[in-house]
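Input: structures, listed below.
Next come two complexes built around chain A: one with chain B, the other with chain C.
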Partner chain A sequence: MAIYLYLDRESPIHRLHPVTKVSSLVLLFIAPMLVIHPVVLFPFLLFLLGVGVTSGCLTNLRRVWPFMVTLFTFTFLIWCFFYGGQREVFRLAGLRITQESMLFGLGMALRLVLLFFVGLVFLSTTRIEELTAGLQRLGLPYIVGFTLSLAFRLVPVFMDSALVIVQAQRSRGLDFGRGGPLQRLRKYLTVIIPVFMTALRKADGMAVALEARGFRAGQERTSCFRYSFSRLDGLALVAAVSFNVLYLMLRHWGMGLVG
Partner chain B sequence: MWGNTRMVVLTAICASLYAAILIPFKVIPLIPGVTEFRPANAVPIVCSLMFGPAAAWGSGFGNFIGDFFGGMGPGSLFGFLGNFFYGLIPYKLWGALSSREPVPRGPLSWLLLAYVILLSSTVCGVTIGWGLNLLGFLPFSVLASIIVTNNSVVALVLSPLLLRALYPRVKGSGLHYTDLLEGRALSAGRARLWGVLLLSLGAFGGLAWGELISLGTVKLRLIQELGMTTATGAFDVGLGMLPAIALIVLGLALL
Partner chain C sequence: MEAVTVEDLSFTYRGAASRALEGIDFSQAEGEVLAVLGRAGAGKTTLVRCLNRIIPAFYPGELEGQICLFGRPVDHEGVSQLAGQVGMVFQDFEAQLFSTDVRQEMAFGLESQGLSYREMESRAGRALDQVGLGGELRRDPSTLSGGEKQRLAIASILALEPRLLILDEPTTDLDPLGKERLLQVIRGLRDQGLTVILITHESADLTGLADRLVILSEGRIAQQGHVEELLPQPASLETHGVRPAPLSHLLSCLGLSFRADGLQQVHGILEKRGLRFDPCRYQELLEKGKGGAYGSVILQVEGLEFSYPDGRKALGGIDLEVREGEFLAILGHNGSGKTTLAKHFNGLLCPCHGRVLWRGRDARSLGLAGLAQQVGYVFQNPDHQLFAATVEEEVAFGPRNFGLRPPELQHRVYEALEIMGLRGYEGRDPFRLTKGERQRLAVASVLSSHPQVLILDEPTTGLDYGEQRRMMDQLKWLNESGHTVIIITHSPWVIAEYAHRAVVMSQGRVLADGSLREVFDREGVLREAGFQLPAVTALGRRWGFVPLSLEEFLYCCSPKSLVDF
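Now for the complex of A and B:
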């Protein structure tokens, strides 16, 4: 079962060093936080679309576009109601909708969609090993990185076992969609408890297997993955930094904000 | 904790269990991109009372992995922190208030478990609500109350039943945190009671205070004088709630 968004492609973005990927992710998360005006955020959207096309990860957009539309609509509506402003357009249930609130709502909705898009590109082009390698090179202790990567690997195992249990319970006549909300919630116990028991049975065996392979032996760790920096990494970092500098300058000059 | 292989494995297991139950429910959002209906919210509470600190890290990692499936952003950092607290508080609080097993059998243990769940959920909601309002994404008043309700309702319904079924087995298999860490996970003496007091004050006071600031009922003069007032209330909530966050952190340090 494919639960992660990673797409195995041979693109320049896929070939970037893990440290570049993690650093660019952080930098590209910061950039859209500096401005809010939708017009100013638009070039960032174009840049991300370009990266998406280059990396071949736009196919993942098809998987998540309903979510992105919901995110956009919900954020737009909520800020239309919560943002103040002077120039009233209309009133709804006693709440004022102003030109400023609509512009701000649009900017905030675009910002959140862009942040989601940055995450999507990262997840589509980065393997879990790369993520942990990148975090470790940036200072994350080995043991924490190892735990995180082990957890990532176990998710599909437990999801698969949950699906098997759901099917087994259904074949015994359990209807998860029947009854009130609390009754339905309680029916999940018939899935959660067996999944927990499977996990507990694995825990001890896994610990023994790890120790048998010299885990925590106190020696320096080696990895079969070798990553090297290239000119592409420099380019990617320059692009990510440029957006931050540009948006900081715009902000300093009083542009890119609403109201 | 990180020196014990079993605790490391249990951390990974808590994280993956949490994520494995979170991910299928990403399709039922309460606030798109931020939170959804989460039957998995009982997992950190139950795991915390059985596996201690492994559940705290596991809940943080599990939420982070859940974000990987959809919704990763700068807010994930606060999601990690809120869920870390959500998994950290139950075992520390229970350890401070009772020497019995955390399996609800009488009215007192039911009450105690309900308080543990409510306080953990509130700290989680306050932390995430504060963080996401600080980033200017969503008003504290909308987010915090949804998280607190979502966490506490699910955990109150499922945790007692899960604990009854699972706790004796975990204790029997020697995977309980007190067996693995030999009692090193809890502070001693009177400090713990101070911890409970400060934590409760920071959590419940912080929730009420945050709602008042976020809804504009309370205006912070310092923020207005410094000209830092924004429409999102990012600085008002961000700075105004710092004392509550400090109380929570201090309370946790003493527990």
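Now for the complex of A and C:
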């Protein structure tokens, strides 16, 4: 079952150094938090779209667009009604919609969608191992990184066994849809217990298999990834930093905000 | 040089009442393939885990005796230090793969050894070639078949360049194709001079592969010696829970005791000895087989099509009838749609096109609850359904869901336990039972709902020969007492000796459907489905008949009646 967003492609974005990817992720998460005016945020959206096209990860939009649209619409509407502001445009059921509230709502909605988009691009172009490799270069201990990536690998395995277990219990006449909340919760115990038991059995086997492959041989670990910084990494970091600098300057000059 | 020497090895798990191993003595020369056989719980896994120090490192207890690998005692080594010398591959291939692509999987062990990038690359490439997975570097292991996963696990171990490779039941969970391919790989490794220890239940796998055997029984070595010497002793193999290699078994029944590797060779020998096929006897056999008349059509599918939500087509137009009292086997390689089809029989899946009929009524009108009560489904892995604190509760779960209350409920539980040979286990914890017992409990917990049809997905996988026989004999009894039984299985002899009818599937379609003898006579179809005939059946076909068991073969071929029917 495909539950991860990663797309195995050959693109300049995919080839970026893990450290670049992780740092850019952080920087690009910060940038849209600095300003709120939709007009100022718009170039950021264009930039992300450009990255999306280059990396070929826009196909993932197909999987998430309903969520993005919902996020956008609700955020926009809620801020429209509750932001306040001076220049009233119209009233609806006692709530004032102002120019400021509309702008702010639009900016807020755009900001959330942008943050989501940044995450999407990152997950579409970065393997779990690269994430941990990046974090390790930035100081995370190997064992923590390894545990993290193993957990990600096991999610689909456990999901599959959970699905089988649900079917097995339904064949024995268990109806998950009936009964009050407490009863339903108890019914799920018949799934949770076997999932945990198979997980425990599996974990036991895994621990042995890990050791049998010399997991803790004591030597300094080497890596099968040969990452090197290229001009592209510089470019990516400059772009990510530039947005932060630009937005900070705008803020300093009192621009990029609403009202 | 001796690769392995074990002297007077004993081990007791902490808290256990008796010894798991006692007084084990054996040695293995470098370049030899040693097979370790024995029933479940005989101590096979315990023994090999002592060799690379997983015991006592992971499973504490009292270890006595001396183990030397390549002339050096291992007492003070850690598991990880030994990893470069002893490689170990396990039955559960899922639990041995840790990465999201083949390349990283291969690199995993090498990284811990601190090898350079270039060295890693060349070792990984070489090892992948050895197992026939060259060029798959970018694949996600979760997209590989079971057999490929197991070969990847082997490659990742081979890359560490161990001098001794230990394989702990590597073929148990594989389909026939995957298994054959894996055995080929092991044969290749032997030819390259690698020292191998192989644990298995199937002695048939060992001809042309193993040099020597060690047979364990209750923690002791019951027998050890050369393959030529031990394999042709079917009786003693069987007492130790090992299925005798059918061809060797046949030869020994005929009083001919020597090593014969292939069908061709055995055929030649028997021809030379003047073995003749007696058509009259075969006719007798066929007449007798006709006796079993089945009841009315109980389950029927018409034009059944099914696609998964992601668009993958699983079944493309299936028509099938199952009559009351039949014993039906569905076969075909993994991904051919067997399980998907079977899940339609009890309403777990609903057809995209076509219909499923239960006694002439559309299954949809019955719903899952209605149909599941009539058609019981035992899943492949018993651990995927056991959850209760006691055996009794587990078995009562189904009928209680279907609305049964004591005292009838109690009665059902005891009855089901009785049938599956689990009386006296009522208060036991299901998770502490052996695999064989858990499998029987899973069947009992479905049986207690009194289904008229019983579907079992791979009921014998992971069981030793004795347990397999026991499970199948119980199913046979159920069938004879009126249940319709449908099994999905890869095991040729299980089908041959127990089923009445076979449905062969491939790529979501039914390739063949008929009585066992009819289906077993269609070589092309079976080949397409990746199914290997039982050796005795294949041998019989060379004389132009289709025997389903050793007894039938002997009955039709021997000049004297060797077997009483």
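Heads up, the rule we're going with is that the second predicted complex is superposed on the first by the 225 of 259 C-alpha atoms of A that agree within 3 Å, B and C clash if a C-alpha of one lies under 4 Å from a C-alpha of the other, contacts with A are read in each partner's own complex, and residues count from 1 in each chain.
Just so we're on the same page, contacts are C-beta pairs under 8 Å (C-beta built on N, C-alpha and C of every residue); 3 or more make two chains touch, one makes a residue touch a chain.
What you are looking at is a predicted structure, and each value in this text was computed from that prediction instead of being measured.
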item: Touching partner for A:77 - first (chain B), second (chain C), both, neither; value: neither
item: Partner chain in contact with A:115 - chain B first, chain C second, else both or neither; value: first
item: First (chain B), second (chain C), both or neither touched by A:33; value: first
item: Which superposed partner A:213 touches (first chain B, second chain C, both, neither); value: second
item: Touched partner set for A:157, first chain B, second chain C, both or neither; value: both
item: Touched partner set for A:189, first chain B, second chain C, both or neither; value: both
item: Per-residue touch tally on chain A - higher for chain B or for chain C; value: B
item: Which superposed partner A:175 touches (first chain B, second chain C, both, neither); value: second
item: Touched partner set for A:167, first chain B, second chain C, both or neither; value: second
item: First, second, both or neither for A:144, with chain B first and chain C second; value: first
item: Footprint overlap on chain A, comparing chain B with chain C; value: 150, 152-153, 157, 189, 193, 197, 202, 206-207, 210-211, 215-216
item: Contact footprint of chain A on chain B as seen in their complex; value: 2-3, 5-6, 8-13, 15-17, 19-21, 23-24, 29, 31-33, 39, 42-43, 57-58, 61-62, 64-65, 67-74, 135-139, 142, 154, 157-158, 161-162, 165-166, 169-170, 173, 175, 231-232
item: Complex contacts: residues of chain A adjacent to chain B; value: 3-5, 29-30, 33, 64, 67, 70-71, 73-75, 78, 82-85, 100, 104, 108, 112, 115-116, 118-119, 122-123, 141, 143-144, 146-148, 150-155, 157-159, 162, 182, 185-186, 188-189, 192-193, 195-197, 199-200, 202-204, 206-207, 210-211, 215-216, 258-259
item: Chain C - residues contacting chain A, complex; value: 49, 52, 54, 57-58, 78-81, 83-84, 86-88, 90, 92, 94-101, 103-104, 106-117, 120, 138, 142, 156-157, 160, 310, 343, 346, 348, 368-369, 372-373, 376-377, 379, 381, 383-387, 397-399, 401-402, 431, 445-446, 449
item: Chain C-facing residues of chain A, complex; value: 2, 8, 127-129, 149-150, 152-153, 156-157, 161, 164-165, 167-175, 189-191, 193-194, 197-198, 201-202, 205-224, 226
